[in-house]
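Have a look at the structure that comes next, please.
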Amino acid sequence: MNEKIPVAVLGSTGSVGQRFVQLVSDHPWFELVAVTGSQHRVGKAYAETCHWILPEPMPEAVREMKVVATTPETVDAKLVFSALPSAVARDVEPVFASAGIGVCTNAGAYRRETDVPVLLPEVNPDHIRLIERQRAGRGWSGFIATNPNCTSTGMTIALKALQDAFGLDTVMAVSLQATSGAGYPGVPSLDIVDNVIPYIAGEEDKVEWEPRKMLGSLNSGEVEPADFRISAHTNRVAVSDGHIVCLTVKLRRTATPEEAKEALASYPLPDVCRDLPFAPVPVIAVREEPSRPQPRLDRMTGKGMTTVVGRIRPDSVFDLRLIVLSHNTIRGAAGGSLFNAELLVREGYL
Amino acid sequence: MNEKIPVAVLGSTGSVGQRFVQLVSDHPWFELVAVTGSQHRVGKAYAETCHWILPEPMPEAVREMKVVATTPETVDAKLVFSALPSAVARDVEPVFASAGIGVCTNAGAYRRETDVPVLLPEVNPDHIRLIERQRAGRGWSGFIATNPNCTSTGMTIALKALQDAFGLDTVMAVSLQATSGAGYPGVPSLDIVDNVIPYIAGEEDKVEWEPRKMLGSLNSGEVEPADFRISAHTNRVAVSDGHIVCLTVKLRRTATPEEAKEALASYPLPDVCRDLPFAPVPVIAVREEPSRPQPRLDRMTGKGMTTVVGRIRPDSVFDLRLIVLSHNTIRGAAGGSLFNAELLVREGYL
Amino acid sequence: MNEKIPVAVLGSTGSVGQRFVQLVSDHPWFELVAVTGSQHRVGKAYAETCHWILPEPMPEAVREMKVVATTPETVDAKLVFSALPSAVARDVEPVFASAGIGVCTNAGAYRRETDVPVLLPEVNPDHIRLIERQRAGRGWSGFIATNPNCTSTGMTIALKALQDAFGLDTVMAVSLQATSGAGYPGVPSLDIVDNVIPYIAGEEDKVEWEPRKMLGSLNSGEVEPADFRISAHTNRVAVSDGHIVCLTVKLRRTATPEEAKEALASYPLPDVCRDLPFAPVPVIAVREEPSRPQPRLDRMTGKGMTTVVGRIRPDSVFDLRLIVLSHNTIRGAAGGSLFNAELLVREGYL
Amino acid sequence: MNEKIPVAVLGSTGSVGQRFVQLVSDHPWFELVAVTGSQHRVGKAYAETCHWILPEPMPEAVREMKVVATTPETVDAKLVFSALPSAVARDVEPVFASAGIGVCTNAGAYRRETDVPVLLPEVNPDHIRLIERQRAGRGWSGFIATNPNCTSTGMTIALKALQDAFGLDTVMAVSLQATSGAGYPGVPSLDIVDNVIPYIAGEEDKVEWEPRKMLGSLNSGEVEPADFRISAHTNRVAVSDGHIVCLTVKLRRTATPEEAKEALASYPLPDVCRDLPFAPVPVIAVREEPSRPQPRLDRMTGKGMTTVVGRIRPDSVFDLRLIVLSHNTIRGAAGGSLFNAELLVREGYL
């Protein structure tokens, strides 16, 4: 890498957009050259139009950058990170891809498409090859690569380690999700102070199919979803960042908690991801204390990229119970997309 | 009822003890005549020694009452409500029972004994008859009757309606529990502000066997636990009162969500409970909105005695998913014990 | 009162509007006959269009009521409660007043008008007579009567007791305000979980002049603002309901904390308010414990209408320091407006 | 600095003790060689006996360190950091000082002694010379140097800038304090979820005299307290870290908000503190946004050592109002003590 790759953030002023801007600004490979926003923000300085809500300060370099419209013409970059709302992403992302631009997106719009990878480099780096079919089929010189939903992310990484070691039969998942997952302004405080909301629109559906696609195998250019069942409850709790998922798992081959611990703790970073700047170190951290992981204490493990697992114990109905924690706006959104982009660059897709 | 029954609260200064004092003070049948406490409180006025933490004001009548030691000699009552810690309850409650006093207890010490009922009048009023065996076997003229753990309470009431209508095969339960369940001082604020604690010592075990005992059948003086399996995860969240339980249920006979809704909403109060002052009206309230029940909005349904159920929907692995909410210090503790006492009075056990 | 007075709630679906609907529904004098809302809600059943956010259930009688437009023609009532946003209230409330309808409003639009009372029946019931000037000057047969800002409310009631007893020279006020004061959706949870926002737009200004108007004297049809100085800081904290104000007060005649306590605790309800359904009992409750009042424990004192005062202590710069708590959506908004309406009915303004 | 200075942490397992351990472990000058604790912890590995509550991981080097008793004999260090409770500190700290050990303490026990500095290197580095009198008078070869209370810290730094530029006449301070200031377990969650506690035992007294000592001048070996008045209200809110103080200030020479902003933003680090590892950069950060500083967003400014000021605006009674934020366990406790130690090392007191 002699020269940094110019990149842009689409939908840069929302909560995930801000996280992209913050993480990209320090990136050793990428240089932020454009930020896009809604029509009423276009032409304004980023610092002026963006209500910054991250604890980390707004990067100096972006403060005076003028927000531009979300079109390939206004964005001089070969790689863009998309934090667009799904409905907008559906129309806009293909325009970028067909203009020869690589789109690494947090939006859910294209995750279900059979020629679009839902990518976690720790889990399914080979799915990147769907892009070849995508390009052939759609006539694009760019591409769309998605990261999964923030709740699917951590649990899929943990499930991958179990799948490799023991096979998966059935997964029951119940989430306790942070409010940052709903964006900004997102969840009204009257709904969450001294409260739980046992419902997140559309979330359970995503949690029930995304892991199966990611854990599926790529055969002759198609992903065959992994053959196990998932059931999910998703809940919102009064936490700022960090999603907890309570997993109850039936394996193909039974395993003791100790064996599962070993499988999780030793789950390796795939060779192809070695030394990528956003590769989690370790991929999975296993906590031994009875009451960990906890969002406030553990979400920043591995700079927010590590999946933290704890309370691995036997189950009275299935085989195992465990708790998974993942930082929802870093590993589960912007950081995940950056990690995807790094893999795509290394593999020559740019 | 011409005259009120004199009652005492054992362990009256803790958080459940306070709830007993508050609820008993308005009770149409009972009159609070004594409050007990630890040695260092004995002789002090209740208002002076008790750090009152309920939003409802301390009842006037108790303010000047002198705290007495927790012995039958110092308590002139035929019925006592016990909010003692389990380890203390184990030693003290039998002393009261053998002195001819009825003990309605929130402590877990005797719940596993085969001659002690774990009682929810909506669910297993017939289990009250275990007391006959208890008296015969132990030579007591009083008795010990327990209410279940606060998390077991709501879910067992909902499960009873499903058991009656469709039979139960397997139950997966994941709780999101209020901090009041841990007493006072209980959960440190540093552990719960912007956080979740995915662990409550001893709780999962209770949630996995108590419902089976309560839903079991009484045959020749013994309870045969109901024949279904339960698995539980229990979590603490930043809520003051009101436990949420996410249930995923496999039934003996499959049922549509509509049929389940009907079974839950129409679950009747047993005849023997009719018009008891603490009988919940309705027993189960079914909410139709997608995001209900919520602790802050729904915990006081039916004066905190009603079990609130919502999000009844099909499951992709088992048959049904639903959300149960129950007020943990009213229905799940002091209010539950009062309701038990009412049933015991009506049935002539006093 | 033989027959109930028909009333309507303007802007009935927002958070204050809901509180009006809830409190009016149980009112012994008033009968809710209409609820108004924005154009896109008109014609829909209240239960269908309103996202109800109160812990108290939506009153049965309003569920099927069709929302109507906010015009005198669509509302068949002689008295309306307005929860309109200020900008809308400015245009709409005079239309009602000139149509002969009494408007009791929580909106701030007309509070500064010299012929409009900012009314707290405990404090300045005589200011009601401004309405005569209002009617004469504007040619209205109806009227507009306002209640103060939710933060001004509690502190003004406490200051009134001190003013009467000792005179006021200077007041320093720092508030810790609940999020319900910002309406719904209002404060985003990401702004308030594990956080404080030391700013509320426009609030400090209101807190600095409203008390002086209310504590001023009515001379020949004009209110001369009370002659003392106020300085305010206003903060938002993670509380659902109940505003705390820390007051530091310089008096005209010095007073000991004991004297101040006596003046506050014995502050009488004005004769003209006696037995009004929403009259607070007591007007001011003085707590003796060092750490009270607290929002969660004390906000519902006197059904949410009582002003709770504590920590009355000497000050090293001025004379006294004290803490004031008031329920911001009951005493400080809808309940306050209802109390005003009761006074207006009794005094023959309807 | 060729070799690191061996240091110990007294009272190492509490919340401030942990912060000391965490911050010292990365320190370029100091090497942690001993951790002390209560009798029941002595001999146990730190990782085994300490319930670690910081989001930052426990430093590897300390995990296996055996906890020792809090005596000079068991601690082979010339410098110790004390996180002892005040009552213990009163007895133990002099034992260390008389054994020739420098004690940098967060405990309040000796702050009022006329020969003990309450030290903020940004503010009163010259007060360090009190130690000469302390040694002469008490016959110690070591010393005790204290940092102020966590709430006094940030406000005193801001006040120093105003004092230098305009002189101080009167200060009204109202705090909104984080729960970590109360240690662990500290504030029960039932006291703070959906609540404010308008009282912190002993705190207002400290806030009213500590700033005057620190802002006083050292004349012939004695500190003459600065001649201005302070009045304080102190409140606990549901924030994990970061104390907000609302200040209303009367100056000797009046100043516009712009002049005050300039004085605060340009307040220099004293020369003697230049390049000390824990010196804040900048000393004071001035935020221009209307709603800043906020604890969650701004507490980590300058690695938690910078004092953040905002909302500098005129006051209607005094001259200025402003908001001050300071990280209470870093700048206001362990980090402050480390900064003091650095100054003491540089000035040759070790």
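So that you can tell them apart, the chains are marked A, B, C and D in the order they are listed, and the count of residues begins at 1 in each.
Please note the rule applied: contacts are C-beta pairs under 8 Å (C-beta built on N, C-alpha and C of every residue); 3 or more make two chains touch, one makes a residue touch a chain.
Predicted model, so just to flag it, every value in this text is computed and none were measured.
Counting C-beta pairs in contact, does B-C beat B-D or the other way around?
B-D
Based on the averaged CA atom positions, which chain is farthest from chain A?
In terms of C-alpha centroids, the chain at the greatest distance from chain A is C.
List the centre-to-centre spacing of chain B and chain C in whole Å, with centres computed as mean CA coordinates.
Computed value for the inter-centroid distance: 40 Å.
What's the distance between the Cα centroids of chain B and chain D, rounded to whole Å?
Chain centroid spacing, chain B to chain D, equals 47 Å.
Which residues does chain A have that touch at least 2 chains other than itself?
53, 191, 193-194, 238-240, 296-297
Please give the residue numbers of chain B that touch chain D in the complex, ascending.
Contact set of chain B toward chain D: 15, 53, 179-180, 184-194, 238-240.
Considering only the defined contacts, which chain D positions touch chain A in the complex?
53-55, 57, 193-194, 240, 296-301
Residue numbers of chain C touching chain D in their complex, please.
Touching chain D: residues 170, 172, 174, 176, 191, 193-199, 201, 208, 229-231, 233, 235, 237-240, 244, 246, 248, 290-297, 310-311, 315-318, 321, 323 of chain C.
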